[in-house]
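As written, the chains take the letters A, B, C and D, and residue 1 is the first residue of each chain.
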Amino acid sequence: MSAAMKKIALVAENRMIAEDIYSMWLNAPDITETAKPGQFVSLYCNNGSRLLPRPISICEIDKIQGRVRLVYRIAGKGTKEFAGLKEQDQIEAMGPLGNGFTLEGKKAILIGGGIGIPPMLELAKQLDCEKQMVLGYRDITFLEKEFETYGKVFISTEDGSKGVKGNVIDAIKANGLEADIIFACGPTPMLRGVKAYALEHGITAQLSMEERMACGIGACLGCICKSKEVDHHSNVKNKRVCKDGPVFYADEVEL
Amino acid sequence: MNTNVTIAGVTFNNPVTTASGTFGSGMEYSEYVDLSKLGAVTTKGVSSIPWPGNPTPRVAETYGGMLNAIGLQNPGVEVFIKRDIPFLRQQKAKIIVNVVGKTTEEYCDVVERLADCDVDMLEINISCPNVKEGGIAFGQDPRCVEAITTEIKKRAKQPVIMKLSPNVTDITEMAKAAEAGGADALSLINTLTGMKIDIHRRAFLLANKTGGLSGPAIKPVAVRMVYQVANAVKLPLIGMGGIVGAEDALEFIMAGASMVAVGTTNFINPSATPEVVRGIEEYMKKYNISDIHELIGCVK
Amino acid sequence: MNTNVTIAGVTFNNPVTTASGTFGSGMEYSEYVDLSKLGAVTTKGVSSIPWPGNPTPRVAETYGGMLNAIGLQNPGVEVFIKRDIPFLRQQKAKIIVNVVGKTTEEYCDVVERLADCDVDMLEINISCPNVKEGGIAFGQDPRCVEAITTEIKKRAKQPVIMKLSPNVTDITEMAKAAEAGGADALSLINTLTGMKIDIHRRAFLLANKTGGLSGPAIKPVAVRMVYQVANAVKLPLIGMGGIVGAEDALEFIMAGASMVAVGTTNFINPSATPEVVRGIEEYMKKYNISDIHELIGCVK
Amino acid sequence: MSAAMKKIALVAENRMIAEDIYSMWLNAPDITETAKPGQFVSLYCNNGSRLLPRPISICEIDKIQGRVRLVYRIAGKGTKEFAGLKEQDQIEAMGPLGNGFTLEGKKAILIGGGIGIPPMLELAKQLDCEKQMVLGYRDITFLEKEFETYGKVFISTEDGSKGVKGNVIDAIKANGLEADIIFACGPTPMLRGVKAYALEHGITAQLSMEERMACGIGACLGCICKSKEVDHHSNVKNKRVCKDGPVFYADEVEL
């Protein structure tokens, strides 16, 4: 039985890093042992009225200390509950789940939009090539400093308060970035834009997708996305974001 | 201590199976659960040809439960027979195959295709609220229930379980109709039709607007219906709806179910099923029950 | 910002009332809530003569909800008229009186007795699952629904709300029947019939065996039914079932309810009703909604 | 608005005093201000799957420090949750609820059975007359030492491991106790026995009753008991344990 099991993890740190954005380190050696950038963890609430897991991407992996970092935004009651956790509190977690990014390419653009930014951090750490980070925000920025260690950071904000006014594609264009590979995580409209951009420029792109989940392990068929080809598991053109993804090559999926 | 139950001639090691659609084809959980330790694995609804299901979002959390509108996505019976049956047999699991269709003919197609396959029982889903045609429509009118049961029984070589919908005024009518049509057993309940609205986006949470409500929230309705049906027909029952642990399973058994199925809880706790098996055994030990049959329907 | 709603000619300050039976006659909560700040107070079901109700235990907790089998205990319409109406009027509350009976005659008795009383509306409970006769039996057959509505409308001087049961195959049939019978409005949902078994005592938890399931667990079923009914009839609707806070209330409003009722939550949070009123106002402020009517039925 | 409001109380102490029996002190000045012996507090769970309040009798009142003591047995998931509370944890509580005992008589027997024993402690403290305490247990005893300050303590145990073997009535008889007033709290069969004993000996008895509750404040009609006379609230022969009780004169109610 090699699957990711549901276990109790201890909170090593949990603090606000921007308005409504929290950074949490969990002591979870079982998770870090095999974790890869782009994978996620299912977090469970401690209140029986909220049954389903909350999928949160892995932001950093500390194999030595057996700790995994998650950065999340308060989006509802579950993430609000997590924000209230203190050091040494317990939380049920299952992971690492999903496939993660494939480390490849010579010159990469890592694109994160909003709460899609965190998983790019561990990817930036592990990806061994020339890296350009494009981070898109609505207004308030977070984590951008931490990316600077790994390459040049370009920022876009919707309100223009920092970096290029507009979205991540605007930032790429404004800065004339070039690459042979794109990695992206963010809201679907952003991924759609990235896919179009990559296609137009003939660049390979790996996209990390999001969908409502129930099981997180590929059983309920809740989290599918439309795939280009008939999928071997579904035998229809559906892939499971939790199990076959969350990372897909842009040409595998319909957005 | 005996936990064996026999339903329509098929003997199961214990009275715990999985609720269709919440355990994949068993494969998805085989890393969490030793499938041979379950009474049986009940597989996701299978149709004659592959079904793509509904658009997303397909699932939504509700208070103490969830809504789903998967829409019976499945790879079709051919792939199921080639891939899933051999796998389950290799795991030494008893197999109950859940069957779906849009027309009586489609149900019959699948049943005929499975007739010579190595499976233990068929469960006919006439109660799915998430497809436009078929599904629940068959399960809300006693004449339809009886007619489809009769047609299926003509073709099935394995014992037939009819799966009832809770979205009816009087579930005993449907149970009696299935009995009249020749069903060998009944399973209940499927999901209650529900809806969730996202008040911030002012839109339905599910692309399908409505979905099926499952999970512990619905257990009292399910136990009530099992009790009613147990007192209305002679058929053995598989009870389900909101089972989280052994205590819930025992409620269904005491209300009259010979077997129980764990559904939504698998999503929250992948190793729930063997825990329920163990919990029932512990209860029997604690209260000195030597045979599970002493508990089936013991509350009147 | 307008939160006024008018139902059958009666104008309420805001769209929040109490679910019958969960707020006593209002008196029990007057120390927690300024009753004049609610849209209306809907009182516990009242019959022509005093009813003692069912034996205890009458209530049981379930996952995210509760079961009750009070059995419509009430002091009878005479005491109600003498004691409760003057009290509520003194508190400046709008009054909706919930009416129960075992026969059509008994319902009509109460309605006639109330005809010249100072109350704003009548709500006819044809959906209580906890009494042997009357109650739900009237609410599960469209012909009965229409007939009793017609009889009551002949006698009532106040507008009549028919309260529907969720324990039916198709709630829109019942809604249409009530509309055909001349109802001025509909309220829904009453409780879902449920059961709980005490596995240690091996006995039913409720003396009545079954009870009505209420609380947040049932909300998805209630919202779905309100949506269905809103799209099937022209009558204004009062939505209820599992409302805990303003967000839940807004789901019902967006699904098509002109007014909402807070039920079980009163037991857990006695000051829930004014909190819901305030929460709706805050939502309207946040999203710049100047009139609550922009929200009623806005999700299609 | 003078009613008992639902408030957050701080746990001042929570410890096991016997197997599965816990003693908890709550900082709750609003409750202690008006609390009387025989009243109870509704405790709420911190898990949305358990909605209804748990009624727990007041065991001691410390008006000076604004603290109230509750002694409870783990009977299910709610009380199990309470047992896990630590000092400084928060718990939602509403009280004091119900009527409480009427302080009267010259020579009293205070009878507590099982988890009906705790409310007798504050009564023993406040009752200003000659007091004999009869405490009935199944096997393991608790709190009995604390009663000794207030009068003579007589014990019965079902297994005879301490005091008189049998029930509280057996203990009264075995010790030849006499009184002009009885106060009792415990399981219904015990109260039935006490009522019969009191009637037989012409002694006034106040009984504290138990019933499943939903609202705890007299609104839901969930917790009624049968009364001898038509009750003014119900207009039928029903009284509400939570509001008209939990304490009734033995001749008011049918058991």
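The criterion applied here is as follows: contacts are C-beta pairs under 8 Å (C-beta built on N, C-alpha and C of every residue); 3 or more make two chains touch, one makes a residue touch a chain.
It should be emphasised that the depicted structure is a prediction, and the values quoted were computed from it without experimental measurement.
List every chain that touches both chain C and chain D.
Joint contacts, listed by label: A, B.
Through how few touching steps can chain A be joined to chain D?
The least step count works out to 1.
Looking only at C-beta pairs that count as contacts, which pair of chains has more of them, A-C or A-B?
A-B
So how far apart, in whole Å, are chain A and chain C when each is placed at the average of its C-alpha atoms?
46
With chain centres taken as the means of their Cα atoms, state the distance from chain A to chain B in Å.
35
In angstrom, rounded to a whole number, how far apart do the mean CA points of chain B and chain D lie?
Each chain's C-alpha centroid was found; their separation is 46 Å.
Hey, how far is the Cα centre of chain B from the one of chain C, in Å?
Those two chain centres are 34 Å apart.
In chain A, which residues are in touch with two or more of the other chains?
In chain A, the residues touching two or more other chains are 48-50.
So which stretches of chain B touch two or more other chains?
63-65, 216 - these are the residues of chain B that touch more than one other chain.
Determine the shape of the graph in which chains are vertices and touching pairs are edges (line, ring, star, complete, other).
Here the contact pattern is complete, since every chain touches every other one.
Name, in rising order, each residue of chain B that touches chain D in their complex.
Touch list, chain B to chain D: 63-64, 216.
In the complex of these two chains, what residues of chain D are touching chain C?
Contact set of chain D toward chain C: 1-3, 5-6, 44, 48-53, 211-225, 233-238.
Could you pull out which chain D residues touch chain B in their complex?
Answer in residue numbers: 48-49.
So in the complex, which bits of chain C are touching chain D?
21-24, 28-29, 31-32, 44, 50-53, 56-61, 63-66, 68, 70, 73-76, 79, 215-216, 264, 266-271
Going by the contact rule set out above, which residues of chain C touch chain B in the complex?
62-65, 67, 140, 167-170, 192-197, 199, 202-204, 209-210, 213, 216-221, 223-224, 227, 242, 244, 247, 250-251, 254-255, 283, 298-299
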